[in-house]
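The letters A, B, C, D and E name the chains in turn, as written, and every chain counts its residues from 1.
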Amino acid sequence: MTGWLSPEEWTAVRLSLLVATTAMIASLPFGVLVAWLLARGRFWGKSALDTLVHLPLIMPPVVTGYLLLIGFGRRGPIGAFLAEHFGIVLSFRWTGAALACAVMGFPLLVRAVRLSIEAVDRKLEDAAGALGASPVWVFFVVTLPLCLPGVLAGMILCFAKAMGEFGATITFVSNIPGETQTLPSAIYTFTQIPGGEGGALRLTLVSIAISMAALLASEWMARLIGRKIAV
Amino acid sequence: MTGWLSPEEWTAVRLSLLVATTAMIASLPFGVLVAWLLARGRFWGKSALDTLVHLPLIMPPVVTGYLLLIGFGRRGPIGAFLAEHFGIVLSFRWTGAALACAVMGFPLLVRAVRLSIEAVDRKLEDAAGALGASPVWVFFVVTLPLCLPGVLAGMILCFAKAMGEFGATITFVSNIPGETQTLPSAIYTFTQIPGGEGGALRLTLVSIAISMAALLASEWMARLIGRKIAV
Amino acid sequence: MSAVLDVDVVRRQGAFSLNAAFRSDGRLTALFGRSGSGKTTLVNVIAGLIRPDHGRVLVDGRVLVDRERGILIPKHRRRIGYVFQEARLFPHLSVRRNLLFGRWFAPRGEPMRADFEKTVDILGIGALLDRAPGALSGGEKQRVAIGRALLSDPRLLLMDEPLASLDDARKLEILPYIELLRDQAGVPIVYVSHSVAEVARLSTVVVVLDEGKVVAAGATSDILSRIDAPVIGGGPEAGSVLEAEVIGHDRAFGLTQARTRAGLLQLPGLFAAVGATLRVRILASDLLLSLNPLQQVSALNSFRGVVRALSPRLAAGAPSIDVQIDCGGELLIARVTAKSSELLALAPGREVYATVKSVSVDSLAGASYEGAR
Amino acid sequence: MSAVLDVDVVRRQGAFSLNAAFRSDGRLTALFGRSGSGKTTLVNVIAGLIRPDHGRVLVDGRVLVDRERGILIPKHRRRIGYVFQEARLFPHLSVRRNLLFGRWFAPRGEPMRADFEKTVDILGIGALLDRAPGALSGGEKQRVAIGRALLSDPRLLLMDEPLASLDDARKLEILPYIELLRDQAGVPIVYVSHSVAEVARLSTVVVVLDEGKVVAAGATSDILSRIDAPVIGGGPEAGSVLEAEVIGHDRAFGLTQARTRAGLLQLPGLFAAVGATLRVRILASDLLLSLNPLQQVSALNSFRGVVRALSPRLAAGAPSIDVQIDCGGELLIARVTAKSSELLALAPGREVYATVKSVSVDSLAGASYEGAR
Amino acid sequence: GAQSKEVVVFAAASMKNALDEIAAGWAKASGKPAPKISYAASNTLAKQIEHGAPADLFISADLDWMNFLAGKNLIKPDTRVNLLANRIVLVAPKDSTASVAIAPGFDLAKALAGGKLAMGNVDAVPAGKYGKAALEKLGAWNGVKDSIAQAESVRAALLLVSRGEAPLGVVYQTDAAADPNVKIVGAFPEDTHPPIIYPVAVMKDSTNADAAAFLSYLRGPAARTAFEKQGFTVLVKPSSGS
């Protein structure tokens, strides 16, 4: 297969895996938190938060990417702040690609987790509370384990999205080989040149193969979990 | 507000609503069916179906659009078949845009419904079966009502996605004002013009407003349903 | 005629394996056994919720499943009313719709045997009809579940501890209704219960399960009068069951007179025709033994008999002795303290009088009670 | 000393409103009442799962909630062991982890009062420890739920029909353990049950609810001997409760002798020190009335008394008469048929002998049974 | 030196084929690491540079976006050069029988016969803008302006024609030449639209000395061959070693 993909393409594959995995893992805690807030919280501005979470879905990816560029770019307010205080530079780095993918996958992650949290029987949470578990503990020892299927589904959606996302990525961090050129960006580039179809197809198949592996792994884990918590 | 948007932009707004609503409604039965198959079925090729459903998420939208064009275009096998036998022409029509949006939203719809179906207590389905309901009836009178929150979530995800989708749409059915120029296409156009940010922002806000309304409506319905089926 | 219930099934689940074979000719078959003995599993097999690994289930001659012959009637074609151990109400439907659920699927044209108004009335759930199941108390849920099963117009009724969470008054109202269903509608019933009183009252056949196996099966009177059958709790509820024929009523005092092999019996008034046979149950602890007939005493029933055997008990409570007395061929059991046994010098062959108060005599299957309300 | 339980709460839910005020000094307070009378709601208020609209709850002097003073201790700080009406086990945890759940959250350092091994043993769930709750039978779930509550080392135990779905033998094993907890560990218990026998045995104070209101509250003996208190089932379980003082044991026969105001009583043997006081319960239907003392009879207890009142009953079953007899100041209730009443010419003022078999005497709170196993 | 950093080039996506080859050639010839080339739409790249993208060299597909950066003072004006030119042509599917003579006042609508004319977005995509200008100049615009299928890129427009969705399309000669499923029906005279120019410049913030070297290589003979192979017209004279 090494012969089948050029070294740059291998780089893109590796980078995509890195970006998708990072995006998935890094957005997980925030996604679960937001999902919990939306599922169980009662606070002012909940609808606003809900809309905000859905924004990357509603807006064309290019717009999302552009807003990221404005906000998190080297000269953007958040980007400058992060760079200055934490030394985190996102613009035109793979970390920025991960951010873009995380943002794009966020609504999917949140929705899946939220649905699962809403399906958790509150009576069990009450029972845990009565047995001495504080709300935070209840969340970690009852709610979270019971909504693992949703967390898993959200993660795989986020991962798959990250494997396919390029509109926001290319707009935010460009398409620099070895740094920000993920598989979808590479595929996109192929579609823009005469005779690029073959290359695009090849890379698409690679992307599908990777996602399929991730999907199978997640289904397998979900089955394991499902067997454990079947009532 | 009429003065705020040009007549063509109004047309784009109307068209987007039409396309998103159609995509959402038309994909619903298939989405629910596939979700049910994935959640409850045991058949050969289930993993393949699972991957297939996720494809639009994994592949860059342009590739999806490209494949749609190849399959459903005037000369594509399915497109030719549909045109010949049913008189359904998708290329350069808003129906094609709806198809593209439906395909792009499909993984989100399916996953949400599937999660909800998986959360339905099988004991209730058993109870319905014992009381004389055939599996099909069980699905319609027990499973489906109980997973309405997921169906609703899937629909809103699909709708939001349709409001933001343009990569596949524009590749498949191009950008014909009044026919296939949806809001995201119009926004995209603005982003391509020096100084077009203002216009892009304006249309993005319109898009957000619409999706927010849909979101609030769905949350409201979910609460109604939730209150009804709270155990 | 074929047996009402003919079961011979094997089913493994985890470490537990059900291996139950029995036939029952009773319209109401009680399943009895300790927690975890496989009652629910067996009922689920009959309902079709669980597929047996081997064997067959026939109800009224109809094959529901026969693995060897490859027959497996799907659960929704079995026409079953199942009262689950947990209520399992449909949370998205109102109480009314839960109750009517089975009706949607009952074949049209056939007249419904259970009347909605009446069932609702007896179960005392009239005020709940428009509520959601989530807003019901435990006992209310249970009652709705019973109603749902009864109203599905079943050809077979499976009841898994249906009255467990109900108060006595409520039980007393529901029991006659189940009897009515059994006798008048002719619906065979499989009834799981831990209450000997319920079982004794309702069932004609008892099947006792232990660790997935049938350890005893037969007529209720036989099974329940076995002393100390360890599986039926051993404790306070041992007793004897007598066949009785109604010979008259004493309307003035609200008493019914019946003849048993042991002698004449006066019991709380029943609506039963003269000549009807019924079964009555006398608890071992309710039977008073004396060497001479008692005079001027508030107990109307006294039988003369001969002690057949003494079985000391050391189970829960205190040491006591269960005395078997042969009264005209009927075996009665009396539980007495060791001290009384000694005082009366009880021994096989000794003649004694066994006395029981009318109010302590439970009449069982075969007769309906005077309306309780 | 402050009351063990001091409740005065108002709570509306839907059409139902709970409006309960009572104080209890008993270590075990029984909640009694028909299905839907508000028992679970009240228990939930005490547990903190439901917030009362008004009022307060104090346990052993500690304010759990006082809406007027704005105090509301969150449920996880109340140190409660709650056995829910439905088991509510955590489906993702093994039985062992379910049992140990409460321990994770109990403050470190304090010694645990309930012993894991012993509790598991008494509940008979040792073989289930590594199972998932989904693979348990109904009764097994219930037992694990009881174990989970006991092992959480609670400062207050709430039990909502904990033994409803268990067989008698199992109940007899678990009851003494609850008594032990109550007496030795000193954990106050609120116990919901439909079983008069359970309530009579365990509780010192009974609170009777009806339609959300407290219709009776007081010492168990007072409440349970009220004739026909309609809320407590009316039916077969009416009886009287006597205070008794242990005066000796008859080890040979396994009997305990006790003195009551009505007279000397012999009852099944107890582990109770001489001088200890206990309460015994005699069912109205177990009491035999005669005009003369009975001779040579297998009943060891006979009291002389005077008829005080006759109350005819027409409730479930058959017409009968509840006779109140004053025996040395203690009021006993006997249920007899109208016919017997006439035969004996019972009327206020008439002198009678009331006889009861030792095996029919239940001893209640205040003494533990001789080990049942 | 050998330790020098790669040159980062931001280039219009349509140049990938040629530029990849040229970059490899330069790396081999100079011994420097191969440039990193980020291909995307010119507007995207321009806006990224505006927001501080680390580009050394920018090759735009039209003058507008280079002017945009020049206006923001983000390029080194003295390095700016018009590198390539392209032409727009009218294409039809390979099996098409349409014959159109592009001339002032020609009836394009008739040639479409009710079908759509595939173009890049006429407001945004350079090829679309040029096409629109040409059609206006030729007086054919009003006849077809309601029959335009505006694609997101010129490649997508080409795809519509090559898949037979649209009977005609306006695309770059470079793209048309490479697609075996289309044939060129006619070329638009160069005077009917603004010149189609690919300008290049070194960015103001670039500190990489190799950028200038690569730029001059782009203007060299090796590059010319590669560009011409893809159908571009090279505008610069062979560099005299600037």
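Keep this in mind: a residue touches a chain if its C-beta (ideal position, glycine included) is under 8 Å from a C-beta of that chain, and two chains touch if they have at least 3 such contacts.
Computed from a predicted model, the values in this text were never measured in an experiment.
Undergrad: Count the smallest number of chain-to-chain hops linking chain A with chain C, moving only between touching chains.
TA: Minimal hop count between chain A and chain C: 2.
Undergrad: Quick check on the contact network: minimum steps from chain D to chain E?
TA: 2
Undergrad: If every chain is reduced to the average of its C-alpha atoms, which one ends up farthest from chain C?
TA: Between chain C and every other chain, the largest centroid distance is to E.
Undergrad: From chain D, which chain is the farthest off, judged by mean CA positions?
TA: Farthest by centroid: E.
Undergrad: Cα centroid separation between chain B and chain E, in whole Å?
TA: Here chain B and chain E have centroids separated by 35 Å.
Undergrad: Counting only Cα atoms for the centres, state how far chain C is from chain D in Å.
TA: 26
Undergrad: In whole angstrom, how far does the Cα centroid of chain A sit from the Cα centroid of chain D?
TA: Whole-Å distance between the two chain centres: 57.
Undergrad: Taking each chain's centre as the mean position of its Cα atoms, how many Å separate chain B from chain D?
TA: So the centre of chain B lies 60 Å away from the centre of chain D.
Undergrad: Out of chain E, which residues touch more than one other chain, so two or more?
TA: none
Undergrad: If a residue has to touch 2 or more other chains to count, which residues of chain D qualify?
TA: Where chain D meets two or more other chains at a single residue, that happens at 86.
Undergrad: Out of chain B, which residues touch more than one other chain, so two or more?
TA: Within chain B, the residues that touch at least two other chains are 62, 66, 123, 166-167, 188, 191, 231.
Undergrad: Which chain pairs here would you call touching?
TA: So, checking each combination of chains, I get A-B, A-D, A-E, B-C, B-E, C-D as the touching pairs.
Undergrad: Under the touch definition given earlier, write down the residues of chain E that touch chain A in their complex.
TA: Within the complex, chain E touches chain A at residues 8, 10, 13-14, 16-17, 36-40, 44-45, 47-48, 51-54, 153, 155, 174-175, 177-179, 230.
Undergrad: Looking at the complex, which residues from chain D come into contact with chain C?
TA: 13-15, 33-36, 39-41, 85-86, 127, 131, 135-140, 142-143, 160-161, 164-170, 172, 194, 196, 233-237, 250, 252-255, 266-270, 285-286, 288-292, 294-300, 315-320, 334-344, 346, 355, 357-360, 369-370, 372
Undergrad: Which chain B residues qualify as touching chain E in the complex?
TA: That would be residues 62, 66, 69-70, 73-76, 91-92, 166-167, 170-171, 174-176, 181, 185, 188-194, 196 of chain B.
Undergrad: Looking at the complex, which residues from chain A come into contact with chain B?
TA: Per the touch definition, chain A meets chain B at residues 47, 50-51, 54-63, 66, 107-108, 111-112, 114-116, 118-119, 121, 123, 149-150, 153, 156-157, 160-161, 163-167, 184, 187-188, 191, 200, 204, 207-208, 211-212, 215-216, 219, 226, 231.
Undergrad: State the interface residues of chain A toward chain D in the complex, per the touch definition above.
TA: 123-124, 126-135, 137-138, 141-142, 145-146, 228-231
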